[in-house]
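Pasting in a structure now, in structure tokens, and then I'll have a few things to ask.
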């Protein structure tokens, strides 16, 4: 159990997927201008990442490793993720429209979110067990969401500040992301 | 090798099956438009548009919340594709750009207090309408500059906004945020059909010019040595600058603020100076012309009004044809005004300039003889305008004489009608007669019509009941005679079929209480208007006509701008002095022609002619100055002529020997202009 | 109407309590003075050099940025001087000149000006700078190494470093009195505990800083350290030691209270302070850094916009009338 | 339905084709990749540790399954005797997992060398664990069964300045190596004999 | 479509240079620009994938059903990414190690998919090739520029060659995560200032 | 000027001035001016079809109907000839019709009101009462569609330094009691609450209304805060007091009501507090419509270029730009500020110090509000940060370290929102 706590802390804070591993930056900068969209995206990523983490783990162990086809990992993972996202989108739209209204619009963005693919690959490279992979996927996603929401909070204010013209928008967004990453150094070495 | 093949194949099969099933099971209807837009978008879901993914952007585009060009990755191709789906064909629209309308900044204008507060005009306006005494002046705090999303605005040195016309996209943000409505979107077409309103900065001369030339504007261009630009400004309101330069009575000069200290600026000679310049260069300066809209307009009458109308119609993208009864264009200008006053080469030059904009002409054709209202519609004209001016309304009446046929049967001027009756001519008034008149003569006429077989006579008066002659008020006896009086009513339109009148549209101008204005049409075979001239009718095709017979074309008139907005006068309002036959000077017919253009343009572009709110007119009280300070007095420049002894002397009058100003005098004279605003003017100390 | 008397017209209110940013800045400078003076007294000219260089370059950077961004000159408000002074207070006396110059650049330009100047910075500029210096040149901020040539007649070991490397046994090497009087190795302006406390209390009384943040920060540190200490006193030092060492006091009174990056509502201020204190001790005890205050406060700076969304209901809100 | 079938076929054909193509490429590069992996990841470190050996340890390697994990053990030949092995273990550093190769003399269980292979430590600080020979030299000659600890933890190893965690990570890896060695020593000797025999 | 191939190529170098102008594909930009070598390696790899996928998709653009085009594009891209992965392992293993997870992640790089969708699916082979090459070179240039700044300042080296004297204290903030963000942000600012004209 | 105290913890405490601060005990009477200007706040700004014209003769107390149609009217406060009719714009887009009357020295009283009004029924009197001193429009208290259930009489003034109402409560306590009876009679409201500071409790209790004593701390005497404190019935942001059935009236208006009924003449004078450059208070009585210039001259207060003239108090008054401005029926005070006391506003951004947030009596997140308002995001400000809950006390600007004109921004935001008609129910 303490191992899992350590894993969770490590994935959320210490090795934060966005700020320490540089994954998932496009949506990070894209949807963080408003708190609402940031929260929506965070939720969507958590949802999909847990599913994707589990499925890719199964595919890897029972399909690729079993047949010695590790070199097809990239190909199969992206296929699985893309179709998973599409499936989830269709499913939600039909079955749980309420949830779809909240998350659905963020789902397509996730296909090209390198955080999802990245976490799936990390799960395999770190040779996590299935439970570990699940926990790690969830925690990484939470870390992604946390960073995204914190960032959105900061960014909402920066949009209102008198940032010099050439720095406005993405430029200052990146610098702010750097500051966020700097702050996350607080957790360095804790696990 | 094989295993790789198989595994991937298997994965593909599995995914394919799952997704195919899912798309069946979880099928949800989506607006096909959204799908089409989504198809057009790249589908990379990069989030570059600021929205989460392409499909949400598609939804936003369809909902009108995002623009067709919102996709960063796609570029212009995708934009075009999306625009196509959305049906917002990128039409050839005349570009509009922002233009500030205040010329005296905060430092130069008079202020009523020292403002301390937010650097925002709207905030300053909170405090008693802003610190300037001029209620419509630019406060110069740069709200528009900050609001401009394209960085096309900046604050000039005199605290007035400056538009970079290259970067301005005409989005209108500045217009929305400006609390003083200083900055407005404007295009050449807008300026042509525009009228001055009270919350607009206009100089006294400009307000007094019947056709509304931007006088300080063109004088400024003369100062800037830019004569062509000056001419372009003049031509936005007056297509005959040189003719006006010769014969205009120049009411503008009466209003010139310089009159308060010395002598008015020689506005008309300055106008003539630039027009002379054009004539000397032997080419016509053709200002901006809007892209073609294709409607064909027949303009009946090639006098000053018809020429003006055709010129502006052409510049707004229409396809006008002048139908002139005389062998040459020009009307009164050519056939009435003495050559001494207006040399014919000047006239020819100006008419040439008008024709160069694409106006077609047919001379020696007469309405009622060579063509009729219905034949014109059959020839494919979309509108027919009567600008027959002072000459020949009678031709309509006298059907059987001189081989003329009536073009609009049933339309008479009262004087002619009575004259014909007195001459014993046979006139058939039909079943129903409408007389537009305020006097008791209408009763006589009505009785005559009844005798000639009319069943019902309606007298229309725009006056209130108690303002009418007493005979017209006691209506019961008249009604017994079959004569009905409608007071407080105006005729707002005619409807007809082929060449005959069928109905008359009426409007109640003084409704009782707050009820909506009553609109009605009544049947009429004959419409008799008070003495005067036939109004400038604009006839357009109309589907909305009772039972036209096979092959006949229904028509109706549109309300024109002949009456001032807000006033309750119809197109056939009985004459008061200077009302219908009001073209006491050529400039007035120019105004009339230009306003007809506005009516026609509005009819074809937005389907209804909208009156302008707060139009500046003589009765309006707007800020004005009664004395000027800090202006050095100077003499008005006059043209010089060389007399027989070779001495130069000042010319006073008579065009023939009245040369225009020479360039040096013109430049001096332009400098005399105070460049007035509403209450500001250039101080010279 | 020339020569008419013109009055000033502006929007209400027509009174002001005459508070100003410059007054606040100068008060902060004043409050920081005791600690700085003791630092300079202890470490002599090098310390004076660092302080002077830091304050002056901070103002120069501010001035340069004012020109670059074409904004009115803002060094008069004293904020740049405050940033410079606080940065100097966090540095050891032996800091090389170039680090100071880069440090003030990072603080004033990267930390503050590119966000639009004062009020726009999401993080405390001084802390941004010191954090970047920490990451870049670890050795510089290793006080034991940096101050190796100084012998001031007291135990020249940086307490937190000693704690990190040698465990809580080192606590006994320092008496509370020594810690309060700055009798140990450390940064120029962060060792003189008593001076910082006096400065802090002065600022609190003057209303220049928000007492809620300072107090809750200290409480957070105290409680967390106490809990750690109770759980395993062999491994973790006691709360008093944490309160009086490192950047705790300067953090509580001068860093965590920076306006732009800290909350303004009551409950968020308490959460902010307590969490920063908690994180500080957490980093000190199990994290990678010797002193946690810098990153802990930065972390809470980041969370500030979110925290500040917790606010009381506005007047008349949420009431339903029939 | 027909359209659905078309889509379905397109996806299947695409994935099949790409699977096939990739399989072909993979086949062609397989051998090279495995060698490259060993050469670049472990090769230099092994070379350092086994300095002076007369064979190529990368080629002379044993594969032993330890607790369900396959391990490579690189055998070094010194003065004609194959009495040393080197293998990789892992420790937790500041920036993540560090790979550490420990070489041990089968005769006396003494460490003949320690070297860091993969790591993601802070350049210039933690990365000294790999680049600073003085640090790893501390392990040389000690018995692999010793408990290795940095001095801050009461052990015998001088930590790299400013990089206590990295140093701790290396120690941890060596300790783990000791445990693995303890477990596998008999198997190793057996395997060696097999190979020689 | 009157643009020549040269124009398609050059637009990627300045007017639409990723990731500065189109703020896409940031993850690798931030992650692999610690050193110039990595930056160029990543750039070349991405360029290869871009060109190949652009060409293939342009060729197949009429064959692929519209509804499953994204899936098919992804398969094509993933195939080329795997090819790069395998080839790099076989022939440039050290680089592969450094780029690590970011090689497979090329597959989710928005630039690649974005160009495939927005350009290759609608244009001919030559234009698509030019577009891919331009975007790829632009991407590589961006990576290199950022990498130069980060490596020189953060490590004091250029392509692993020290550029400053030994007394230089590397500004190692630059090679760490926050430095990457800040540095890219400031470069974007400079680009904005230059692009204004 | 009130400075920040040396040691300042917590909220600023600004006390309303008590009557003990008035200089001189008497209410000075300002002699009638020769030129009286009456201002009428007209909802539709244009002059339009006016019923009055220049040259018309008017009598004191005469009801002047302004429009040919409609109900707008003024009560003349002088006898004389109309010399000018013009249009003026006021605060926040308000527009006024101003009528200048050249006054004769002798007043002739118009008898129309006496006929209709003396001891008359409310219906007869009502059409005369919109111009009572001390209130902008009494008729707003009498609503047919949504009758009021409570009227609060404010014995405190709206702003600091103003003592007008307190003076009236002290001096005319007996008349006030009668006025309350008339108020009940005309409006039909049974529940009348009288709010006074502790020092005036005795006088207030004579009135027969329900007395509530509050500490004279600014801005507690403003209507919305009184609603919360006294009635425990806070007003939702998008509603006003009348929606909750509560009306507000000043003590002065109650006394004026009584005067009108008892004497049969419309009251035409107004009590004002004059705040001079040294913040000394003087109470005066003047005809409504008297130009400020005459009042200042009578008190020999000098004003010069760059000074500031304010109608009302220091926190919420409205600046005026001309000495010719006449006093209006609801002008309670004139404040004169020397140019040295005019503190320039700042143009720097908010530094998030939080003083405003702590000072705000409506608990608004002013720090965020100002950021949005500076960027012109009025709607977001209303939807997310409760812009419309502001009670308009001005304390935020008062305490702002950066001297940002926050109050100005807030009023601009409210004004713009009203203009765009997007005042949505943010309260749901």
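Letters A, B, C, D, E and F mark the chains in the order given here, with residues in each chain numbered from 1 onward.
The rule we apply is simple: a contact is a pair of C-beta atoms (placed from the backbone, for glycine too) under 8 Å apart; a residue touches a chain by one contact, two chains touch by 3 or more.
Just so you know, these numbers come straight off a predicted model, no measurement behind them.
Asker: Steps needed, at minimum, to get from chain A to chain E via touching chains?
Answerer: Counted as steps through touching chains, the separation is 1.
Asker: Comparing centres built from CA atoms, which chain ends up most distant from chain E?
Answerer: It is F whose centre lies farthest from that of chain E.
Asker: Where is the C-beta contact count highest, in terms of which two chains?
Answerer: C-F
Asker: Taking the mean of the C-alpha atoms as each chain's centre, how many Å separate chain C from chain E?
Answerer: 41
Asker: What's the distance between the Cα centroids of chain D and chain F, rounded to whole Å?
Answerer: 85
Asker: As a quick test, compute the distance in whole Å between the mean CA positions of chain E and chain F.
Answerer: The answer is 67 Å.
Asker: In angstrom, rounded to a whole number, how far apart do the mean CA points of chain B and chain F lie?
Answerer: A distance of 48 Å separates the two centres.
Asker: For chain B, jot down the residues that touch at least 2 other chains.
Answerer: Answer for chain B, listing residues that touch two or more other chains: 3-4, 7-8, 11-12, 15, 23, 44, 46, 48, 112-114, 116-117, 123, 126-128, 131.
Asker: At least two other chains touched by the same residue of chain C: list those residues.
Answerer: 6-11, 110, 114, 116-117, 119-120, 132, 135, 288
Asker: Could you check chain A for residues that touch two or more other chains and list them?
Answerer: Correct list: 26, 69, 71-72, 75, 79, 83, 111-112, 157, 161-162, 167, 172, 175-176, 179-180, 182, 185, 188-189.
Asker: For the complex, give me every residue of chain B touching chain A.
Answerer: 3-4, 7-8, 11-12, 15, 18-19, 22-23, 25-28, 44-48, 50-56, 59
Asker: Per the contact definition, I'd like the list of chain A residues that touch chain C in the complex.
Answerer: 149-150, 153-154, 156-158, 161-164, 167, 172, 175-176, 179-180, 182-190
Asker: Of all residues in chain B, which touch chain E in the complex?
Answerer: 15, 39, 42-44, 46, 48, 72-75, 77-78
Asker: Please give the residue numbers of chain F that touch chain A in the complex, ascending.
Answerer: 349, 371-372, 374-375, 377
Asker: Going by the contact rule set out above, which residues of chain C touch chain E in the complex?
Answerer: Those residues of chain C that touch chain E are 102, 110, 114, 132, 135-137.
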